[in-house]
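Chain nomenclature is as follows: A, B, C and D, assigned in order of appearance, with residue numbering initiated at 1 for each chain independently.
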Amino acid sequence: MGHDLAPVLELRQVSRSFGPIEVLHGVDIALQPGRVHALIGENGAGKSTMMKIMAGYQPPSSGQVALDGKPIAFASIGEAEARGISLIHQEFNLAEQLTVEENIFLGRELHRGPFLDKPAMRARVRELLAALDCRVPPERRVAQLSNSDKQMVEIAKALLRDTRVLIMDEPTAVLTRAETAVLLRQVRALRAAGTAVLFTSHKLDEVAEIADDLTIMRDGAVVWTGLAAGMDEHGMATAMVGREMSDLFPPKDSTPGEIALEVTGLNVPGHARDIGLTLRRGEVLGVAGLIGSGRTETFEALCGLRPGSGRVRLFGREVRINHPWQAQALGMCYLTEDRKTRGLLLQKGMRENLTLQALAKFDRGLIDTRAEDRALDQAIADFDIRGHRGALVGNLSGGNQQKLLFAKTLLADPEIIIIDEPTRGIDIGTKQQMYGFIRRLAAQGRAIVVISSEMQEVIGLADRVLVMRHGRITGELAGSDATEEAIVRLAMGVAVSAPQQESAT
Amino acid sequence: MTDTTKAPIRLSMSVIGPVLGLLALIVAGALLNPNFLGWDNIVNVLARSAFIGIIAVGMTFVITAGGLDLSVGSMAAFIAGLMILVMNSALPALGVGIPVVLLGMAVALAGGLLAGLLNGLIITRLGIEAFIVTLGSMGIYRSLVTWLADGGTLSLDFSLRSFYQPVYYSGILGISWPILVFALVVVLGEIVMRATAFGRHCAAIGSNDQVAKYSSVRVARVRLMTYAGLGLLVGVATIMYVPRLGSASAATGVLWELEAIAAVIIGGTVLKGGFGRVWGTVIGVLILSLISNILNLTDFVSPYLNGAIQGAIIILAVVLQRESKAGT
Amino acid sequence: MTDTTKAPIRLSMSVIGPVLGLLALIVAGALLNPNFLGWDNIVNVLARSAFIGIIAVGMTFVITAGGLDLSVGSMAAFIAGLMILVMNSALPALGVGIPVVLLGMAVALAGGLLAGLLNGLIITRLGIEAFIVTLGSMGIYRSLVTWLADGGTLSLDFSLRSFYQPVYYSGILGISWPILVFALVVVLGEIVMRATAFGRHCAAIGSNDQVAKYSSVRVARVRLMTYAGLGLLVGVATIMYVPRLGSASAATGVLWELEAIAAVIIGGTVLKGGFGRVWGTVIGVLILSLISNILNLTDFVSPYLNGAIQGAIIILAVVLQRESKAGT
Amino acid sequence: QEAETRVIGVSIPAATHGWAGGMNYFAQTAVERLEATYPQLDFVLATASDPAKQVNDIEDMVATRKIDALVVLPFESEPLTGPVQNVKASGAWVTVVDRGLAVEGIEDLYVAGDNPGFGRVAGEYFAKALPEGGKIVVLRGIPTTIDNERVEGFQKALEGTNVEILGMEHGNWNRDDSFTVMQDFLSKYPQIDAVWASDDDMAVGVLGAIEAAGREDVKFVLGGAGMKEMVKRVMDGDAMIPADVTYPPAMIATAIEVTAAGLVSGAPVSGQFIIGSVLITPENAANFHYPDSPF
């Protein structure tokens, strides 16, 4: 396959400003048919912005978009779509109250006469989802789906269109390894069919696996572009971050202290049964499992975010938690995996979001806004949040939103922190910082649970790993036993011996 | 697995909710007065529900798409006034007969459509809250009809009225026209909501207009069409209303907007948009009509307290729904 | 760096919008009638704005937190009726004097608080749409006051009224009590909205109640408190209202709810919740009061058309805001 | 006497302002009294907040209560004409109160107030009380035919006098609205000699506004309808309320009583009873003072 085929879609010296701030400075990129082009860069580097410009969601402030070599200005998203360009958003772009089928066909419904051809649409949806190994019924409302299923719906929505150019903004951020494999299989099929694919991810191994071409961005400019084969993962990381990367994971050097959390017989109706676990101060407990294994629901129930029953002891004291504020008052906080609908107020600024959970700390009758500003300064420094201070959180880049969410939860100063998918959409440099941060929290004597679908993360970060499957804990792994293979076995239910010791403790 | 068995149950409970409320009222009515289930009473109640009902069907679309229209009551009064004026002044030229009635109907439909379009255009083009726009136009239409009637009542010429009256009072097989038209509007509305792209687009816009926009839905146009459609249905309702009362005044259609919105919400449509069902609205309209019908059947309470009972039943009817929903 | 200069400009334009609308009205009023800017007229307009204004401040919180209350007008009428009944019946025992007035005030405050709590409890505990609950309680309170008054008017004992009247008519330095209390409520409201955790929580809940819940905000309690606070403020407004004419009837407070909601939204608070500003509400209230004041002071239009002009100005006032907002 | 119960339907507008409230009160007490007196009579009383609701009520009475007689005070004449005609066609006795129907000869009995007369009596009073002429303002009711008739009668009576109407606004038969309107009238006109409030509820609001403004130029306020507090003030010789014009809400009770008596005795009284509006003055006020009425 020739690298010098005529590009389908190009950006030529494109700049883009929001108000007075320029976030893209004269970038070039060219997508060729039948090739997968990966775009990587730090959070806030301008990847999503670039993709939106290519798909007609936003016009460039200056420079050109060229389709088949000819400059073009898309009048609407519809026009770009009509020309075969579709974009899968980084943030979910689904109407929550509508069903899967309604969302996938939104704006391009199939008709039979004046009426909708529902059977045909449903059949097509089933087909599309089956190709993605996703078993969600088409009639299910999107609001009831897990994040990964939503992502699959997004992908199905894009695949439905006859695309010449498919642009995917971090499609794998919410997917597990297995689901990612399914997606990459689809991408290869599209590539073989001659589609040009543009793809971003912060998971560099995927990039190395799938990409033909590679563009690396930093601070709104392209810093490297060329054949993907010319760059290994380490090189990518270095080029992205602009410095030499050391070990991703910090040493596990904290020592477990008293028992902080003890759960027995926790049942979450419809999602999990008979969950038992213990967690000590200074410990990082990883929770692994396939998507849909009930990890999120288990810990949400533990924090009073959904109904559940069971015995919970915090620092030796038996407690009943029915509401999240009770959990927080007892020193336990849950950081949601769903930053857009449950984590952040997208229509508000950074400051309001940062302090929402810990507002009591700033409440001196009136809110001490100076103290809030100081807290924001601190959070921006600690987590390297990039973006302009006055911006609405909805306008921050995805990764920066995630960092803000992290900062927000930690501001409440919980003793027990449950973090669901902590590094979703975070670039590799910041990931390293956040891992260091989590470790330091543990070293301060806090107890931490990390729920993650990234096997590497669980293994690299946690002292012990619990594996869940179908709403039950199927095993615990510690130290060198915690290997990817062992986790996968437990998660898939093919373990030789699934030790049930967890529920006994 | 448990999911697949769960979904249908929940669905059917949310369906049963409003129906149960309605049934409870019917049983109460039948116990209070044997004539309640008489043919006459049933026809009366259905026919009078038709005005609000037809409007409420249109309102279901507006609300589903995340909008609101407070002006429908005044709009109906204004259109009725206009229609009467036009018919009266065309009478000498056309004489009593079908042409003048058709002219009146055309005026009502065109007037409704225009009024709805106007609301919709201000809302979608200027991007102003529907609440404010329609509150404003509510005042405007109410004022205009008062002005047209010179503070009094506009009445249809009496001979013309006798000619036109069958449009309210007669029908086919003992079922009067308003009922037939209402039924037709409901069936069409249900089909449009469930089985056409327009219905889906309304729900999508009400759910998240950004998403709808990104999916190439013509958001402004769909919104505009919901208001225009509602206006048209107000015109249809007025066509049925005028032969009944033969007049229009400042007191015509007062608080219809509140009744229509209440019917829509009692029926299970979400006030903030994103989900709507036309059949639910019908149940809502019937519940509201039956409450006042039942209050007329008995006289054990002071008429001063009618409003209190009505209010309490409205809340109860909805509690019933939510309870049964929560119960699953 | 350029950022920090931009934000204030946008802010100031959205601030200037409603203020501009208000100024335009004031200029129009001054041109149309020289007495418009007279001290008496200013005091009149401010004092009569106070009732709706005090209620609208409470409504700002309810709407900001994503709720709605249609019952405030009827609630005010009911509380006024109750207050008059209690005061009249305590009169023989307590005699004309401060104790009986204090008793009346206590009844109003307690009644308002209870009524608000009741609305709030049904809405938050049973999870029913605020629209339906408060539509129901609107009917209930309206009915109850009619019933209390036996269809007529409840009047405060004449001697008591003369004693109580200064609460409406007199004040400090020529500024009457309603204006002072309104100002106090506004200042407190503005502080609570902008600078306290409660205000932040209201905005967070209205913006996205899921996020608020996940952020450990006590969503149900905050919601409940907005309704209870509104009820309390309805009580305060009633305390100012009763001494004015010393009576309450079924006609008291009709459509106050619509006026209060309109004021809130004209002031820039978002009907679907998430963002509210108390000072904007004040501007909204003043715009509404001034429109009818100006229409009364001039007579170039048929009084039948007052409503039309009012409606048009309301829409225009908001267009002005949005345009200037969009302009930045 | 036959044992068969006969049903009388009474349909009236809801108590949304003072006069209507009084009328509601008299209707209810009449019904209670007559039910006690005539065990063979059954009454249905319905109040309506708009003409359409009133038509519903009447339809319900026919369909479910099989009424033998209807006493109706139409919300508005035009819309009620057809439905009442239908009642008549069903064979029931029809008594119309206060507002005549648009078609003559439907009702068996007509008990009516005299709206043009109401305005005329008020106008004549102004002409007499302000012989040198003067500047007055007028508060009108809710825009309706009734209000139009009254104001026309008033204006006609003032023709040829020097009484000048400075302005008219709608106070909607409402105390608060008329308070506001009067405040604004006082700001607008430096000299107002007298006010025709055209209704006693509105007079209460007008008096409140005048008192608050401390204006001495307004010599008197003329209300109307005969609210007990106002009649009392006339009786007491209050200079601000020197007179009142009757429009008795009790006419509904008269109508119900006559209808009931006719139905029971089998010798129905048909015809027209016009209850004219008269001027209440300190001399005759005692005859119009009903301390027990809510109005």
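In this text, a contact is a pair of C-beta atoms (placed from the backbone, for glycine too) under 8 Å apart; a residue touches a chain by one contact, two chains touch by 3 or more.
A quick map from chain label to UniProt name: A = ABC transporter ATP-binding protein; B, C = ABC transporter permease.
These numbers were taken from a predicted model, which means no experiment stands behind them.
Asks: Name whichever of B-D and A-C has more C-beta pairs touching across its two chains.
Replies: Most C-beta pairs in contact, of the two: B-D.
Asks: Need the CA-centroid distance for the pair chain A / chain D, whole Å please.
Replies: 72
Asks: I'd like to verify one number: the distance from the centre of chain A to the centre of chain C (ABC transporter permease), where each centre is the average of its C-alpha atoms, in whole angstrom.
Replies: 45
Asks: Can you work out the whole-Å distance between the CA centroids of chain C (ABC transporter permease) and chain D?
Replies: Each chain's C-alpha centroid was found; their separation is 33 Å.
Asks: For chain B (ABC transporter permease), jot down the residues that touch at least 2 other chains.
Replies: As it turns out, chain B (ABC transporter permease) has residues touching two or more other chains at 146, 150-151, 270, 302, 304, 306.
Asks: Counting only residues that touch at least two other chains, what does the list for chain D look like?
Replies: Touching at least two other chains: 14-15, 24, 28, 143.
Asks: Thinking of each chain as a vertex joined to the chains it touches, would you call that graph a line, ring, star, complete, or other?
Replies: Looks like something else, not a line, ring, star or complete graph.
Asks: So, with touch as defined above, which chain pairs make the list?
Replies: A-B, A-C, B-C, B-D, C-D
Asks: Can you list the residues on chain D that touch chain C (ABC transporter permease) in the complex?
Replies: 14-18, 20-22, 24-25, 28, 140, 143, 167-170, 173-176, 179-181, 183-188, 201, 204-205, 208, 212-213, 229, 293-295
Asks: Please output the residues of chain C (ABC transporter permease) touching chain B (ABC transporter permease) within their complex, sorted ascending.
Replies: 122, 126-129, 131-133, 135-140, 142-144, 146-147, 150-151, 258, 261-262, 265-266, 270-272, 302, 304-312, 314-315, 318-319, 322-323, 326
Asks: In their shared complex, at which residues does chain A touch chain C (ABC transporter permease)?
Replies: Interface residues on the chain A side: 19-21, 305, 323-325, 327-328, 333-334, 336, 341-348, 352, 356-357, 359-360, 363, 365-367, 369, 388-390, 408, 412.
Asks: If we count contacts the way the header does, which residues on chain C (ABC transporter permease) are in touch with chain A in the complex?
Replies: 2-4, 6-7, 191, 195-197, 200-201, 203-204, 207-208, 210-218, 274-275
Asks: For chain A, which residues count as touching chain B (ABC transporter permease) in their complex?
Replies: 57, 76-78, 81, 89, 93-98, 102, 106-109, 111, 114-116, 118, 137, 139-140, 270
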